[in-house]
Amino acid sequence: MGSEMTSADLRVSIGPLKLKNPVMTASGTFGYAKEFEPYVNLHHLGAVVVKGISLEPRPGNPPPRIVETSCGMLNAIGLENVGVERFISEKMVSLQEVNVPVIVNILGDTLDDYREIAARLADVKGIAGIEVNISCPNVKKGGVAFGTVPGMAAAVTAAVKESSSVPVIVKLSPNVTDITEIARAVEDGGADGVSLINTLIGMAIDHRSRRPQLANVIGGLSGPAIKPVALRMVYQVAKAVSIPVIGIGGIESTEDVLEFLLAGATAVQIGTANFVNPRASEEAVAGLASYVAEQKLESIREIIGGLIIP
Amino acid sequence: MGSEMTSADLRVSIGPLKLKNPVMTASGTFGYAKEFEPYVNLHHLGAVVVKGISLEPRPGNPPPRIVETSCGMLNAIGLENVGVERFISEKMVSLQEVNVPVIVNILGDTLDDYREIAARLADVKGIAGIEVNISCPNVKKGGVAFGTVPGMAAAVTAAVKESSSVPVIVKLSPNVTDITEIARAVEDGGADGVSLINTLIGMAIDHRSRRPQLANVIGGLSGPAIKPVALRMVYQVAKAVSIPVIGIGGIESTEDVLEFLLAGATAVQIGTANFVNPRASEEAVAGLASYVAEQKLESIREIIGGLIIP
Amino acid sequence: MSQFQEKTQITRIERFTEDILRLTLESPEIASIAKPGQFVMIRTGNSSDPLLRRPFSISQTSNNLHFQVLFKVVGRGTSILAHCREGEFLSVLGPLGNGFTIDCRNRNCLVGGGMGIAPLLFLAKAMLRKCPDTPPIVVLGSRNREELTTLVYDFAELGLSAYTATDDGSLGHHGLVTEVLETLDLGADCTNYVCGPHPMMTAVHLFCKKRNYSCQVSMETSMACGMGACLGCIVPVEKGGYGHACTDGPVFDAKELVWEVK
Amino acid sequence: MSQFQEKTQITRIERFTEDILRLTLESPEIASIAKPGQFVMIRTGNSSDPLLRRPFSISQTSNNLHFQVLFKVVGRGTSILAHCREGEFLSVLGPLGNGFTIDCRNRNCLVGGGMGIAPLLFLAKAMLRKCPDTPPIVVLGSRNREELTTLVYDFAELGLSAYTATDDGSLGHHGLVTEVLETLDLGADCTNYVCGPHPMMTAVHLFCKKRNYSCQVSMETSMACGMGACLGCIVPVEKGGYGHACTDGPVFDAKELVWEVK
């Protein structure tokens, strides 16, 4: 495995961000990476995306926060996080020790929030990129999510871009009528790449207690259940924009990664699957290496967007 | 079972449409009902919704048209149907023999199409209601789906309502940013009820052949995988409109039906589950009857919208 | 009329090769009305993943009590089935589809490839009963000897000695079943009953067309329901549009279908 | 350090009642490092439905080679587990969590209810090794005699005779474990190690608070990952905010938690 992994050319670029392979871990599903050290050789991964960071610490939502659904799960973590200051002083220190590109997922309630977090992260050592979560409701605009209105999505992107020194990826919400419209807006806003999809909004009910299964009533659906929706959106967005696309949603195996690359993704993120198989990300890297060798490809890049439409 | 079913009060109304129980079968998943006669006592059902009918016959999409996904399936049937004339002269004749309310699902490429189909169905005996599928692309408006633009959705509703003599239900697409906006628009357009959700747009890829698994490339995702999204949308729409809501999406069991009713649905439709368990609809009716008896409810209507938000 | 039987007991499991098995299921309801060429839809697990039933030809019935399915493990559903134990129950829907039309006036020739052999044993039995004077010619193809042995033996028990072809030459002709067909004396009129991989059926169809033989083919398509409700199982037909493999088929007159010949 | 072991063999299955089972799993890696109160995450099937692993306390280890889980069938995951056969393999992640803190200075009292008894056998063994002079008091509660018999016997083998309480009075006290606790002479200082249904733990916590006893409780929450990544497994803590049952727990000092007392 080790030798295959070094011999196969798995390198990809998200704009200026060079990765040794296209496999990242998705925000909120891989902690601050250290949690996975017992299971994964972290420096085998393309990158890790850490849990969403806000300006101030957030306690998150009350329990229950997660519930299993058919081939998926709903979460309403409520963006529990330590805030950008403690993230920098505590979490980044241990992340700097790990030899893997770190992408920081950020979120805010206002444009200024986003701008300020990006600014604070700007000169922190060891940050390879920023991923902007625009699924959050804009508190100044009556709670409409930044990610659902093209103009707002573009504005957030531009704000973060302005105050950032590293590549900026914008993470798109799938809960929209036309995701390509949002993708084009953030491209115009200056994004170096887009990642998709975030979770689909869903709900679960316990008919016995007649109550919602999540304290927050609604939550985000992830896991294999959403893969068909994710693949479709990645395919559409990859055709609509010229910046790189990072595919996310229900990815569990090397085969799933290949499907997203064929659909047009330059890289992927593995989310919920990390909970089921903590080695999923590293196994996918090894699987891609074997694939490149078996198929005698020059590099994994050959198959990106290689879907054949008969 | 038989006695429970008669003693429990399961009656619900979708506007002027009175049903003996809230369990219907979803369009495109129950053929023209006759296919299920070997398995189901059809007149135990609340209603059957037949496959979408267009003005002219349509051959539908080339194969493959269906593919299984995690806890779901994608279909791209392409609305194969015999057209409204043959529907009336052939299919309705056999449907008239079955003692169950028949709801006809209709679809078109233009406002005129919808209006004309509704007009042709207007004096056909045995039609209890019309369900308007507005997920189809409007050919006159550059292919944007009627169901994604409030104004267009309202216009289709009004057009069908105008030329119809029976209650009109409008079936909403989940592939929108804000489904409550569309729901309110069709309510304003005069709909007697809304049904939701239609399928989520998805895609599947065979990484070996590097081709889409559906000849049509994209298709509609249905089955248990989408239930959380459906429940959430039903909950939101039921709060947003005052006409009855019919819940659809991943319903397999009595428990699932109860969840949708609690979320605010007045009735439900069972779709993909009919393929897995052809008796699913009738079993849900029996299950509801037992539930009403066990819980000592006056009627099933007591639990509609009964979700407790702590 | 087709049955929906949620608890059909597996009374016997035969393992022909590592990935080919035959299950015997107890169902007087299904066994007593099934016709050769019909199929059943089997639920392979109890969970929603895999979600859909899987179609399998009825490969034999006995005493109006049992029926058999012969299958190969190709994916998740069949792999779950292969792990079943005797005594367990499966949810079965069937018999479904039209079945073969046995024509006693002609010479009859059964041509099976791989798992396509499954329905032919059932068909052979019915034929021997219906046309006792003209036993069919049987031509079977597969990857290797291992896969064929038991099946050839089963035909032999009916008094039918099958011509065989294998990909590796380990049994019978080393090559294709059509190559075997070319060498046989099938007379001026012959009805062929064909089930197997699509390329094989295409070849047999072309062979029949050349000789003006009639040819019934059993088509495999993706199926969600097996009973005409989902409209997923289409095959393009010559007169335009589509036929539905689960209700108009799975057996079609080859002439009525569109064959893509490269 | 926690292990991820995809093929952990089931070497023994004991069926206590129709819905309570104990599995013995072979894993030197896990058995040799596990501490009482820690748990494992087990994948109950091979499909994506159910998707997530299920948490189970390690209820005993032996010879640094095997460990056991004791569980009750309450839903789909546990029902799949209950259908496993000896010799099969399970994917296991563990040991996870902090475990109990054994305090030899005090009198120790183990209080278990239902499946919460699972970790206490392991704890009792460790305690007897660590504090041989002060064997713990053991109080076990459950629905009925049937559920308790084997467990009481297992404690007896360690030389510990358990006080029991059952809902139906079929074994020991007819009622709650706290009613038993009230009758015992636990001295001025006693550390309680508690695992069981939430209402029981609340009651024991109140009992301990009243007497100023220390109280360690093992909390059950919904868990997706078991290792601090999903942030799903929270319990509200007294100082504000939340603790994470999988990493800060599952064992907490009862004083540090928020108890909703009606």
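Think of it as A, B, C and D in the order they're written, each chain with its own count starting at 1.
Rule of thumb we're sticking to: a residue touches a chain if its C-beta (ideal position, glycine included) is under 8 Å from a C-beta of that chain, and two chains touch if they have at least 3 such contacts.
Source: prediction; values computed, not measured.
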| item | value |
| --- | --- |
| Common touching chains of chain C and chain B | A, D |
| Chains contacting each of chain C and chain D, listed by label | A, B |
| Pair exhibiting more inter-chain C-beta contacts, A-D or A-C | A-D |
| Distance from chain B to chain A - Cα centre to Cα centre, in angstrom | 34 |
| Cα-centroid distance, chain B relative to chain D, in whole angstrom | 47 |
| Shared-contact residues (touching 2 or more other chains) in chain D | 48-50 |
| Residue numbers of chain B (touch at least two other chains) | 70-72, 223-225 |
| Category of the chain touch graph - line, ring, star, complete, other | complete |
| Chain A partner contacts - residues on chain D that touch it in the complex | 1-4, 43, 48-53, 91, 93, 221-225, 227-232, 234-236, 240-242 |
| Partner chain C, residues of chain D touching it in the complex | 45, 47-50, 76 |
| Residue ranges of chain D touching chain B (in the complex, touch as defined) | 48-49 |
| Chain B-touching residues of chain A, taken from the complex the two chains share | 69-72, 74, 148, 175-178, 200-205, 207, 209-212, 215, 217-218, 221, 223-229, 231-232, 235, 250, 255, 258-259, 262-263, 303, 306-310 |
| Residue ranges of chain A touching chain C (in the complex, touch as defined) | 70-71, 224 |
